[in-house]
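Report on the structure given below.
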Amino acid sequence: MEPELLLGLAILIIGAVAAAFPRPKTYLSRIIVLEIPAWGLLLMMLAYDEALALLTFIAVTAISTFVMVRVVERRGEP
Amino acid sequence: MSYEIALPVVLVAVAIAFIALMIEKDDLHRLLLTDLAEITGLAIIALVATDLAEALILPGLVVGISELMALSEVYLVKEGLTETPKRVMHLEVMDSAPAILGGVLVIYGIVLSGFSGGAVAGLGLLFWFFCKGHDEAFEIIETASGYSWALWIAAFFIFMLAPQYWLFAVMAAGGGILLKVMAKMALVGTMRGGRDV
Amino acid sequence: MFDLPIEGAELLAVEFGDIVNYFSVYTAVLFVFALLFTVLAIISRPEKPVDIVFGGDAYYAKKIPPEQLRFQRFMAIACGLATLGAMISGDLFNFTLFSSMIGITNIGIVAAVKNKHVLEAAYQYGIVAMVATVPLFGGAAIALATTGTLSIWELAGAGAVPLLAKMLLVVGVMGEGMAPFYIGKAEITRAPGAPYVLMIHVSSLLLFLRVVEIALTV
Amino acid sequence: MIEFLQVILAVIVLLGAFATALSRDPFNKLIALGVMIGGIMPFIVDRGYLDVAVVVALVAPVTTIFVLTLAWRRDEHGA
Amino acid sequence: MLADYEQVLIAAVICWLLFVTIDVLFRLPEKGGVSGASAIGKKIEADGGDLHGGYMMGNIVSSPDASAGTLLAACGVYVAGLPGGLAAAVLVYIGNRICHDPGYAGTTGAVLASLMVAGLAGIGFAPENFIAGMVIAILTIQGLSHRYASRLLGSLWGWRS
Amino acid sequence: MIEYLIFAVFVGLLLHGIHRKAIARIQGRPGPPIWQEILHVLKFSFKETWIPATASQTLFVAVVIIAIGVWSTALFVLLTGGSLLLLFAVYMLHKIVEHGLGLSSGSPYGKFGAIRSVMSAASEIPLFATIAAIYLITGSLMISDIQAWQAAHGPLLFTALPAAIALYIVVLAKMHYSPFAVIESKEIVSGNVTEHFGVWRAGLEAAFGLKTFVLLYAFIVLFLGPMPLLLAAVAMVLLLLSLSFICALSPMLSPFDTVTIQIGTAGLIVVYVLLMGVIV
Amino acid sequence: MAELIALYICGVIALFAALRCLIEKDTYLKLPYLNVMNFAVAGIIVLVLNHPLSLLAAVAYFVGSTLEANAIASAKAGGVQND
Amino acid sequence: MIRRISEILSEYENLTFLYAVLVLVVLLIGAFSLPTITYQGDDLYPKTIDRTSTLDPYDRGGEPFNTTTVAAQYPENSPYLGYVTAYLTPLSLFLAEITPHLGTTIVSHPGGIIDEILYNTRGLDTVVETSILFTAFAIASYLFRRRNG
């Protein structure tokens, strides 16, 4: 087990729990907390040397954050 | 050896995501949680750890973002949230950063080409549209994206039917996918409907 | 070439690199059926739904904007193509991708409708279709990790795919095609445009039939 | 990478993750996220994927700016 | 030949002097460059610090200034000698433009620092010690006590103006 | 083949007639003569035929043809000893026909029928549990293999009783007047076949007759094993009568309850299959 | 050897700054600590991998995180208020 | 009892709930089969990592305009297998010569193992995937434009 993999798994679990039960329970905090498991997955990909997937993943995560922000923005409440 | 340990952990994360989905009642929160589920799903693929796994993650990613895009639009229509937000954030860095940062991302994305390049360059364009507002480039970009899709399909058939022209096919495919993905992602930025619309 | 006592003889294989699609008696029948309904979606004009005004004898035909029907038709054709692909796909991951495409085109067919109920159901269904990609991809990935291949040709009859992967695949298809979750689909059925709405059912049913075959084969 | 550094960075990453999850203010969440990302970057560099590191470093603030759209509006509502 | 510890300490002192001088000369403490920097300055003042020192700290946070220039120049010299330092200066210049900073403190700092580090490397100072030294130097300004650091910077600014 | 087809249609329609008659007798009514359904079909064949103006015309016609095609295929598969999976796939496709019938007409009653038909789509899952159980026991899904297995080991009815019950419920759901037949319950006129008249209706009735024949015969072939034709006919009638009893004595369920019951059955069968998989 | 000492210093300072950043209550006052951590991490990036491109990575990381801090502070302060 | 279940089933708001429960049940049952799962996934396209290569982590050998060995499923279906992997564009060749840390960029640039898989051996995946993007975007833009227009 490489340290990156261990760390990635830990972050993934922490992030999953945090995103499942965000504090406070607003759309905004959930969007922010969703980044944590994303970075955990990034570390896991790093551990397996999946660099290209990592690169694409981080770009796509940014785009999906934007899509989510766009919806919540329309909705008006945080 | 690491797979046998990592897989249960990732499955636990999947389970957490679905537990959250189970107890969540709010529609928009559910939409956000699908993203979490998507990440855990990709993690299962990532564990395979071969080049093939990587080639599977890329389509998985694109599927996730496209469904998110479509569903968010359905949500807006369903809730009748048609009016654009009244006040839009404006920061100093939003004047200065997009030209350089977006430019770097677009250029690097074009160098990368293919999916990854499309996503990176698309993000660059999206960031630019986000900060600067946009004019009506919608139709043109969409047309370009359509042609690039056709280009990619043509490349696919070259690979399958006339593989000796593989070099041409790989160029066409890389370029086609780049344009296609980039255009789609950029259009998301113009669809924000903020100021200057 | 595989001849398992499950689905009848194999008829034809179509090779696309590593992805080798095949027609067996079973999948060929499903394929023909999907083709039939795709053609129907292309050539037939939608019905004109009649509403009865309660409390009186009046009834009227609802007006549906033509561009909405054009969009629905486009989505139905896309759905048909995805179904055709899913029927003959000889590769687990390719199959899951086709399933996701069916899921999203299904949303598309009804998303154009302006009825609040239909949209609400379409949205809920969309959420499920979206999270269903997780068990789908997960199932395919676990199958890959434990057997080292995704090709159904290699996997057929070996029984090497773990139960977990099979169940995840089936559950994923249930989510995409909504097979047991009839409520979402029932509400969706209220949408106008019969040939197109019918496509939703055709695709989800055929998808389910196909995944049963896959689960038994691999 | 030497073990000492791995331990320190891992601690930073974990602390950042916990702080992101636990802090209640969106701005504080974003800052804690920044701390976490700071801990992750050296891992990417250590593997030698410098191009990836550059892109990741540039994309992270873009994401933050997207999210700030919401945090900013929230502040307006509160004030 | 000095021991590494001593080198780091000396480098820290030199870097501290260099970047504070340049920042003060380029009028960083005068006002916040962006609204965020002003807000940080005001907050530090409210906490018992000095307003102008706070502005300077806010500007350091918000844009690559001379301190960043020094650090990155040291990094540049470490990886590629003097050309590396100058490349770092160019990058810092771009960084300034990204962060909506009209000034040239970062660029100047980077150029001067790369000359200095390259020069001192000639007489036995290792560039990596300047990296460590710069990190220590910034720690003293930004990382120990906002109140006293801002007062110190404020008094320097008062002396300058 | 064609003579088998015509024979099956007639037998199927006759079975419908027996079904109606039996129900009527159980409920204390005289009931129609047992060849009533055959006469129906003949009558409809010579009546005026049109397509409603509101209908989606191509689909309206195509669905009838597909219905006949689907069940002809099923009969063919059953008689040639083809794949059981295929047989039930074809059976599932019947669902599509039901949807199509209701949706294509544009009539609100037809639409209601279709919606109910969609709801009950979930109830077909017991089928797959049945298939899985049979596969686990016999190791093959070819009907010819299954018959060979039964010839060697005795009827599957005793070996795989829960699977037989599941299939029985499925067959029951497809009978006229069954507690599960929410699609054509009387409050929505004739449900999804409301608008189909004339030749179209005749075709549909023929297809439905074929369906009844195929389902009953399949049950016998699958769970009782190969037997002479006459004996098979007797078994079919007996099976039909048992179904008629249930139909006559039980009330029509509400649409959602039917689904719940059927899904519950499916769940039990799935558990059974899983347990069997573990034990075997 | 010199790299190791520098790495140790950078690592310890990064941890220290991260801790203080997370402990600090006020958003504005967190940012200078974050800034110190960015310095330290940029240093670590270069020290871990001695290659011209890692300079680019360090600058990208530093500029990126500075931009982030800038945006956070400005957004909290209300951004440009002239529209 | 049946009626209560029916009520839960009949609300489409509960759709996600039902599906989540289903998946959780499957995961729970599947958890028992976890001990039997062993990793054998590296038959196809295995990674060989050569830290000293300038193409790290994607060095799969081969000369440009020549072939290399790629562990595909059906090599006979892709006669020019390996050519794409081995090929480097002039730009990527240049990058590979000057630095060992741009392997990702080089491989993503046309030519390389990922391109091989995505376009050549598993091209159909990419066809489907771009079609999904196309359809999803068609939905989004149709709804968006109707709302505005």
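As written, the chains take the letters A, B, C, D, E, F, G and H, and residue 1 is the first residue of each chain.
Keep this in mind: contacts are C-beta pairs under 8 Å (C-beta built on N, C-alpha and C of every residue); 3 or more make two chains touch, one makes a residue touch a chain.
Since this is a predicted model, take the numbers as computed values, not measurements.
*Asks:* How short can a path of touching chains from chain D to chain G be, counted in steps?
*Replies:* The distance in steps between these two chains is 1.
*Asks:* Where centres are the averaged C-alpha coordinates, which chain has the largest centre distance to chain D?
*Replies:* Of all the other chains, the one whose centre lies farthest from chain D is F.
*Asks:* Quick check: more C-beta contact pairs at E-G or at D-H?
*Replies:* Higher contact count goes to E-G.
*Asks:* State, to the nearest whole Å, the distance from the C-alpha centre of chain B to the C-alpha centre of chain F.
*Replies:* 46
*Asks:* Between chain B and chain C, what is the gap in Å from one C-alpha centre to the other?
*Replies:* 23
*Asks:* Take the average of all CA coordinates in chain A, do the same for chain C, and state the distance between these two points in whole angstrom.
*Replies:* Roughly 30 Å, centre to centre.
*Asks:* Chain A to chain D: how many Å between their CA centres?
*Replies:* The computed centroid separation for chain A versus chain D comes out at 11 Å.
*Asks:* Pull out every residue in chain G that's touching 2 or more other chains.
*Replies:* 31, 34, 49, 51-54, 56, 63, 67, 69-72, 74-76, 78-80
*Asks:* For chain D, write out the residues touching at least two other chains, lowest number first.
*Replies:* Touching at least two other chains: 30, 37, 47-52, 55, 58-62, 65-66, 68-69, 71-73, 76.
*Asks:* Which residues belonging to chain E are in contact with no fewer than two other chains?
*Replies:* Within chain E, the residues that touch at least two other chains are 34-36, 94, 98-100.
*Asks:* Each pair of chains that touch: what are they?
*Replies:* In this structure, the chains touch in these pairs: A-B, A-D, A-H, B-C, B-D, B-E, B-G, B-H, C-F, C-H, D-G, D-H, E-G, F-H, G-H.
*Asks:* Mind listing the chain C positions that touch chain H in their complex?
*Replies:* Interface residues on the chain C side: 15-20, 71, 74-75, 78, 81-82, 85, 89, 91, 93-94, 97-98, 100-101, 104-105, 107-108, 111-112, 120-121, 124-125, 127-128, 131-132, 134-135, 142, 144-151, 154, 162-164, 167-168, 171, 174-175, 181, 183-184, 187.
*Asks:* Where on chain B does chain G make contact in their complex?
*Replies:* So the residues of chain B touching chain G come out as 87, 89-93, 97, 101.
*Asks:* Which positions of chain H touch chain D when the two form their complex?
*Replies:* 51, 56-57, 100-105
*Asks:* Please give the residue numbers of chain F that touch chain H in the complex, ascending.
*Replies:* Against chain H, chain F makes touches at 254, 256-257, 259-261, 263-264, 274.
*Asks:* If we count contacts the way the header does, which residues on chain E are in touch with chain B in the complex?
*Replies:* 33-36, 94, 97-100
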